[in-house]
């Protein structure tokens, strides 16, 4: 019984857990640098999470079991999603368990329960966050599906490992296609919406009426909040890795090749470092949109993904 | 470069032309519109040059330079001057909302793909699939003229249609005879001048270039 | 005779009919009547389930000709895999609902007579079983009418309110229009089978054996599709669903939404694949388009509702749309001779059929429990029920999670299969279809996401938060039979989600019967753990491993990271430090769906009105505000008003024949005699 896929899977999960906060810290540092501020340090997210873990929790009197279990559900779903995406290697035992559609559904579970937790306490802000989040999600899903469809047209599969392998092993003609370029831009826009970054949602806002994601988790404190924040950082890390795996998969270790995994880690650091810089520049350069302009933004993402699909049929 | 690579590059440029057409369709700011139009002209001229290189028809190089001068440099400059002189409002209103316009645009692309299917069967040119994109660009230009209320967008829509026709000519028949090309180019230039003069007059009379106001010119009964 | 699948199914029907006969004997003791009759109904449903499972598992076909019926036109019965599948679906939900009813109907004791409810309930379920077993046009239509009439009386059970009577009337009118269309369709097929000479073409066997010319086949198909669509609630014939399902008693609503709509799907499958067999691709495209329309519009209308049962009724429209998408895809792929992908699409559609029966039944049963406990149907007056009704809340949550297509429950599997079928559309030879299918897939994704939003709203506003209404009643958890019914339905949802390969292998005989191809050759190649529709490199899903993974990961996370109770302190609500927070300040159903109403607003007729009283309008902080929102279904003014107006106009014109004076009637007779004398010699 070959244990190496299992070892790789565990390594991947550990990398995810350990590296997600430092990626968030990197994005913050680049953002501060580009705005001429001093950053709180690359390791600040670790300190924040540790501080929150050490605190007691204050729960509202009428919080139900849904409120208490949601942090674990969100954290667990994000961790499971990390087990499917080929971050370091395509040789994952779980890759046959779930494909891209199941991945989207895992994130949907987390979002469903976060929205329910927002409505649980009975405040106006929680309901507002839940309502807005479900609206953004309902517009992002068609766009995400079209992008997935375009990706799967090239590799004739919806399994992430398969997509990564096909693109990594094809020659330059197959890679520089308009359909993949369009799908990539659409994916970036969708990732911004799903992870709640500017221009869709400001993760650092303190004004409740401008919040989408933050409004749902206003009532959380202590360990619960630590888990949710960590899960948010992991989700950002995962979306960046997903983009890297689907569109720039060179460097990911192949099946049965354990020795390539450390190199894959180095490539990952380089790719995500670049991605972090680009994300920070996008966030600095754009302003948060009005809520109903998000429709146009996600509509444009859908349009680009559809154009990618159409150009596959028309031009390729 | 072999034909396979050039065909792929032309395909890529065609996708860029389509992208700029859609970008113009959903753009809300006037300067963005003109920039996109300039980019479209640039992609078009590069594509013409590559077709000229691939087929060895050197008059296409002249067409390419003509397109470059006219559509990338001259016309955007004229339009910029126009907007600046007339102090035109820089936002564009739409008749129909943006997502619906995008959906209609997608439907037009699918329609033009369907319509050009017989030509694709018969043609032996490497660039035959680009005809669908060219037809789609023409129709999107027309859609732009219909769904926008700003007079400058009407002229850019018209110019986008002409871009599409030019693209169709280079891809389906490897270019038009140079005489026809020059004639069309001069016609476009003159049309731009005449539009400019009209805009001055309209703006002076109505203090606005919103085409909805011009609907008041019809007789009431 | 008893030990064949058909024998067992007939036994089940006879038990239901028997119930109708024994009910008058218990008129004195209504509680005993409820217990005995519904237990009998559950037992009968179990027989039906057994018969169905056996028939599908074996793949055989049983027939029998009854001695009943008209002279020369006896009733034919037939139990083949397709009938068996629907028999299992109907039987399962009938079993759960019968057990639920033991508790639910007790809530009517003392207020009104339950004898009517029990009699028509039995006739209704018996009618549904008879529809799927019918093998000739006559018996089919008789069972169809029995089903429609029994459900009419059930919808009208609480008939002292005029809106209930009106809803039932609308239901029966549309059901009959549909029945006429089905009758005409059978007539066309029967006539063509015998060359319009005699009545022997009325059996389905005769129709199966004949080949129909394309124009007649098209007429027969579209008539049948129209008729079955009216029963299934496909847009635009859906208007009766949101009126009739809410006013019926909740156990009946569960059955109507869960399985009665599926008999229409059965009808479409039977007519298209079994009787007509060969068809052009554009029929499938039409079915697909109607499916997409119903899916998207159904969920959008559902988002606008604040009545819990109306919301669930509109969701049934959406799910029927999704089933039709699967069937339409199957038809398209079959007409292009791609049987493997067609089998995949058909399996997706059928899987969604049984899934929907399970989770919609569960949701309606849960809604019934809520209404039973809170005496309130309007979600905006409810809230915080999770504390007083923990079982109902947990089971309703399972229903919500299933219908939102989240793993590891069953909704995800059927949506995944449908997506896989659409993602295979690039292999179609027709270029236009190739381009349009992905747009259809995007619309399906939109539907799924909107459904999740709608159920966050439904669960959140009903169960979470605090009580939003003016007076809080005394709420208690519901009794054990109701909980048992819901628990079993929830368990089925989980099982259908975890073990898809087992179910697909079981129901494999249905695609074999209908299109001659099977999916399970590839679906279960890598063992029963993995669902691999076409090839494992293409896509694979393992329900069990996802479920175990979820349990494992959540469990480990909880164990390692959960807080010890000493660290949790209960405090008043924080709400960012704003004080004076009361229950009316929570989000309710209307406010939750506001962003979506703004974005998709042009599909509805929306009138929003905000009223400030004059003195309040002047002050800086207006005290009293009146908000009025009316959302109407546009199909009433586009389709139904014009049709109603035209029919009234026609009737007025025809009504002119009725002059009332005797001389005029004598003139009519006189003219008729003269015409007969002149022309018919």
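Each chain carries a letter (A, B and C) given by its place in the written order, and its residues are counted from 1.
Going forward, a residue touches a chain if its C-beta (ideal position, glycine included) is under 8 Å from a C-beta of that chain, and two chains touch if they have at least 3 such contacts.
Computed from a predicted model, the values in this text were never measured in an experiment.
S.K.: Measuring between Cα centroids, which chain is at the maximum distance from chain C?
M.R.: Taking each chain's C-alpha mean as its centre, the farthest from chain C is B.
S.K.: A-C or B-C: which has the larger count of contacting C-beta pairs?
M.R.: More contacting C-beta pairs are found at A-C.
S.K.: CA centre of chain A versus CA centre of chain C: separation in Å?
M.R.: Using C-alpha averages as centres, the distance is 36 Å.
S.K.: Approximately how many whole Å separate the CA-defined centres of chain B and chain C?
M.R.: 50
S.K.: Which residues does chain B have that touch at least 2 chains other than itself?
M.R.: As it turns out, chain B has residues touching two or more other chains at 106, 110, 113.
S.K.: Spell out, as numbers or ranges, the residues of chain A touching 2 or more other chains.
M.R.: Within chain A, the residues that touch at least two other chains are 295, 302, 306, 310, 313.
S.K.: For chain C, jot down the residues that touch at least 2 other chains.
M.R.: In chain C, residues 431, 435, 439 touch at least two other chains, as defined above.
S.K.: Show me the residue ranges of chain A that touch chain C in the complex, using the header's touch definition.
M.R.: 56-66, 69, 72-73, 75-77, 79-80, 83, 94, 96-99, 101-102, 105-106, 108-109, 111-112, 115-116, 119-128, 130-132, 134-135, 137-146, 149, 152-153, 156-159, 162, 208, 218-219, 222-224, 227, 291-292, 295, 302, 306, 309-310, 313
S.K.: Quick check on the complex: what are the chain B residues that touch chain C?
M.R.: 106, 110, 113-114, 117
S.K.: Which of the residues in chain A come into contact with chain B in the complex?
M.R.: 173, 176-178, 181-182, 295-296, 299-300, 302-304, 306-307, 310-311, 313-316
S.K.: If we count contacts the way the header does, which residues on chain C are in touch with chain B in the complex?
M.R.: Listed in rising order, the residues are 431-432, 435-436, 439.
S.K.: Within the complex, which stretch of chain B touches chain A?
M.R.: For this pair, the touching residues of chain B are 4-5, 8, 11-12, 14-16, 18-19, 22, 26, 98-99, 102, 105-106, 109-110, 113, 129-130, 132-133.
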